[in-house]
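The structures considered in this document are given below.
Next come two complexes built around chain A: one with chain B, the other with chain C.
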Partner chain A sequence: MKTAQAGTLESMDCIVSVTESDKGRGISIVMEGASVARFGEAMVKATKDTLKSLGVRDISVSIQDNGAGDLVLKARVEAAVRRLAGGKAA
Partner chain B sequence: MAINAVGRDIPDSIPGYGDVKHFKGHDRRPPEGNRFGKRNRTAFNSRTDKTLPDIKAAISASGLKSGMTISFHHHLRNGDFVVNAVLDACAEMGIRDLVIFPTALFGVHKHLTRHIQSGVIRQIMGSVNGPIGQLASEGGMSVPVILRSHGGRPRAVTSGEVVIDVAFIAAPTSDKYGNLSGAVGKSACGSLGYAHSDAEYAQCVIAITDNLVPYPAPCIHIPQFFVDFVVVVNSIGDPAGIVSGTTRVTRDPMRLLIADNAAKLIEATPYFKNGISFQTGAGGISLAVAAYVREAMRERGIKGSFGLGGITEFFVDMMKEGLFERLLDVQSFDLAAVRSIGENPNHVEISADWYANPWNAGCAVNMLDTVVLGATEVDRDFNVNVNTEADGALLHGIGGHQDTAAGAQLTIITTPLLRGRIPCAVDSVYTVTTPGEVVDAIVTEFGVAINPRRQDLIDAAKEAGNVPLVTMDELIDKAHGFTGSMSPVETEERIIGVIEYRDGTVIDVVKQLKKK
Partner chain C sequence: MRLRRTKLYLPGNNPNMLLRGHLFNPDGVILDLEDAVAVSEKDAARILVRDVLRKGDFGNCEVTVRINAMDTDLWRSDIETVVPCGIDGIRIPKVENPKDIAIMDEALSHIESKAKMRVGKTLIFCLLETALGIWNAYDIAKASRRVAAICPGGEDLRADLKTTRSENSEELIGPRRIVVLAAHAAGVDALDTVYADITDDAGLRRETEWVKQLGFQGKSVIHPNQIPIIHDVFTPTDREIEQAKKIVEAAVEAAARGLGAVQVDGKMVDKPVVKRAEYTLQRAGLSAGGEK
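After this line comes the complex of A and B, so read on.
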C-alpha cells in the first residue's frame, strides 16, 4: 500500500498523510487536533474540494492538525496527493 | 428561565445547584444578612498539644461524616500531596458523598478521579483544571461543578452560603498548638491567603504539616485560635511543583508586540502617575507588560504604591528598586516571592477576603488602578471567557479575573487574535466569565479595542497618538477572515458547570459535551 505525506506540526500547519485505496472504496478522512471540534466540517470540505479538483476518487487521508487554515490544508493535501502519484516521498 | 444581563438563558433552578439568582449587572446585588458565625469551642490549658498521629485520627476527631463539605487551599499548586491524601483516608474510612470545596485543583489531583467514580466525592465547588474538568465536561459527575472567583468564594463562606464542615489546611510550618506559617519549611509556599476564610469560618480546622517547630512558630500567618488539630506527615508536597523557578518574560515577538501595545495604553491613561497600583498575572504576556511598564516608570520617574495579587520575583524586584512601596500578596508564585514575604515587612500577606470579597467593607481590588488579564475568548460586548476551551470543555477556574476587572480603574485583557486556527475574538463567547461592562480594553497584536463605554480612555489614547486603536468589530472580522466560520459546540441539555459571578448570581452555565 503506497503512502505519502506533506506538512509539519508547526503552529498553524498540519501533516497530511495519504494512502492509496482500491477503486470504488471512496474517500475516507481521519482528523485529529485542537481545531477539529469547531472546524471539522470546514476541514472535510477543504480536503474533499482539493481531492475533487485533482480528480482523486479513492483515497484514505489522515490529518494531524495544529491549527492550519483552509489554504494551508489544501496545499498540504495537494502536495501529499502529488507525491503519492509521483511514487516518491519527495 | 430568564435571560440575564449578559444575554444568557439560565433556568430558575438547576438540579444539584438549587435556585438561581440571576446576574443583573456587576453591582446590582446588594449584600444580604450578617457574617456567618461558627460554633464556639473551648480548649483549656489541660490540652496544650493539638497534634494527632495521622490524618485518619484527625478525621475521626473532627466528626467528619458522609455528605459533609470539606475544604482545601491551593497554595501548594501542582506539588500538593494533601488533597489526595485526605480523600484516600476518607475513602478507606468509608466516608462518602463528600462535597469538596478547594480554592483550586491542579493536574496532580487527577488522582481524585477514582474517588469521584466510586462516590467518595459527590460534588466539586471550585475550579477543575485538566483531567477532572474533562471528566466533568463529559458528564462524569452527578452534580454540577460550581465555580466562584477568588472574591466570590470568601463571600460565599463569610456569608454562610457555603458552610465548611472541616477545613484541611496544608501548612509548611506549624507548632503543636496550631500556629501556621507558609513562609518557612521545606515545603514553603509563601502567602496562605486563600486559606484564611476557611480557617476562620470552618466548623473544624485540621492543619497538616511536614515541619513541626517548637511553640510559638515563626512568621505566623494563621493563628492558633482557629486551628483544632495538627497532623504531622512526612511531606505535604513536592517543592518543584509548589513554586516555579524564575518565570521569564516571553521572547515571542508576537506576544511582545501585544505587551508593548498594552504598555502604551497604560502610559496614555491618567492612571500612569505617581502612586499607580498594578496587578498582572504570571503568564508570559502579563510579565512582559510589567517589564515595559517598569521601563516607562524608570524613564518618567514614576513611583508606584502597591503591586497586588499573585506575586512573582518580577514584582519583588520592582519593590526593591523602589517602584512599589508595598506588595499585597494573596499567593506567592516563585521562590523569590516566598523568601520576600518571610523577610520584608512591606511584602504583606492578605487573605482572599481582604483581596477580593465584594461583601466586606472594602477589598484590595477596589484600590487597584490597572490590571492586566488574559482570556481564552472575548466578544463584541467585551465579555470575557476564561473557563472553557474552544471545544466546550470546562478546563479553567475563574481566579481573580472577575474581581480585579470589577475593582480596577483600568482593566486590560491581552490575547493573541488567534490560537492556531481558533479565533480569540468572536461574536459571542461560549461562556461568560467576566461581563463586558467591567472590561475596558482588549489588546491584541492587531491593535487595541477600547470599550465604547470608556470614551475618556479612547480620548486619552488618541491624544497619546501611539496606541494602535481598532474597534472590536474590526478585530472580530479580521479573526473571522483568517479562520472561517466555526461549527457550534455539540452539547446535551444537562448542565455540568455553574459559573457564579463574584456576588453569587449565576452569570453562565456549561453544558455536558455530546459523545463523539
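After this line comes the complex of A and C, so read on.
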C-alpha cells in the first residue's frame, strides 16, 4: 500500500499520514494528540471536507496533532494526499 | 507613503510563525517559500502559505511572499498559487537583469487578469544578491512600474563578491551605496538586508542608524525582537516632528503669501529643507499638513 506524509510536530502543526485503501473501503481516520479530546469532531470534519474537495473516497488517514487548527490540518491533509497521488501539490 | 521600516521573514512551512508573525507589529511580513523551506517541503509550504494568505489575517502589515528564484522550476507555481490570494507583492531573489523583471511583470499580469484582479496590483520587491544584480540596480528598478523596492543581499552577495563578513560589513559599503542611489534615482524604496546576529542588539542599532543615514527606508528582519529597535531608529523623535511641523506650516503660510523662502527660529528655510520636513512627517505617520 502506498503511503505519504506531510507536516511536522512543531507547535501549531501536525503530521498527517495517508495510506491508499481499496475501492469501496471508505475513509478511516485515526487521531492522537493533546487537542483530540476537545476538538476531535471538528478535526474529523475538517479532514473529511478536505478529502471530499480533493475527490478522495477511499483512504486511511493518521493524524498526530500538536495544536494545529483547522487551517493547518486541512493544508497538511491536502499536501499528504497530493504527495500520495504523486502530483503537484498546488 | 507606505512605511517599510521592518519586513519580518516568516518561514513558509512553519504554521506558528505564519499565523502569529504579524502580531509583533512589523510594517510588513514576508512569507518565505525560498531559503527557509527545504526542497522536499516546497509543495507542502506552498499549500500552507496559500491557506494562510486566504485567511488574510495580517493586521496592517504589507503582505509579501518571497518566491523561489527565477532560475528554478518553482517560481511559476509559486506565483500562480499566491498571487490570486491578493497579496501586496512578491519578493524575487537573485534578480540580476531587467529582463527578469519584464518576464515577471508579464507573468503577473496574466495571473491577475485570469483571476479578475486589477492588472498591476501585485508589487515587486527585488533582491539584488549578486555583483551583476547590484551593477544593474537602476535598470532593474526601472524595469516595471510594479517595482516598489530594491534590496541588497547579505551572505549571497558576499560570496559572489568573493569576500566574507567583517565586523562592520565594510565589504557591503559599496553595494549599499549603489542600491540607495539607484533606488532614489528610480523612485523606489531602498530596503536593507537582515542583521544576522539576533543576540546583538547594539550591533543591530548601530547598523540600522548607519543604513538610515545612507538613505535606506527600512530593513528586513529575521527575529521579532529586532523590530522595536529598527522602528525606534527609523521613527522621528518628538523634537524632530515638532520642528518638521513648524517648517511645513511656515512653508504653507509663505506659499499663500507668494514667498519662496521663510524663516523658522531665525534660520532661512528653503525648498529642500521643507521637502525633508515633509518626509519626516510622513515617516512619523503624519501627513505633510500635520494631521493623522
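FYI, the second predicted complex is superposed on the first by the 86 of 90 C-alpha atoms of A that agree within 3 Å, B and C clash if a C-alpha of one lies under 4 Å from a C-alpha of the other, contacts with A are read in each partner's own complex, and residues count from 1 in each chain.
Keep in mind that, in the parts below, a residue touches a chain if its C-beta (ideal position, glycine included) is under 8 Å from a C-beta of that chain, and two chains touch if they have at least 3 such contacts.
Please read these numbers as outputs of a predicted model, since none were measured by experiment.
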item	value
Fit or clash between chain C and chain B when superposed on chain A	fit
Degrees between the directions from chain A toward chain B and toward chain C, using C-alpha centres, nearest 10	80
Which of chain B and chain C A:A79 touches, first, second, both or neither	second
Chain A residues touched by each partner, larger count belonging to chain B or chain C	C
Partner chain(s) touched by A:R38 [first = chain B, second = chain C, both, neither]	first
Partner chain in contact with A:A6 - chain B first, chain C second, else both or neither	second
Distance of closest approach, chain C and chain B, by C-alpha atoms in Å	7
Shared contact residues on chain A - chain B and chain C	11-12, 68-69
Contact set on chain C toward chain A in their complex	13-16, 19, 42-44, 46-48, 50-52, 55, 77, 81
Of chain A, residues touching chain B in the complex	11-12, 34-35, 37-42, 65-70
Complex contacts: residues of chain A adjacent to chain C	6-8, 10-13, 68-69, 71-72, 74-76, 78-79, 82-83, 88-90
Footprint of chain A on chain B - complex, ascending	390-392, 418-422, 482-487, 489
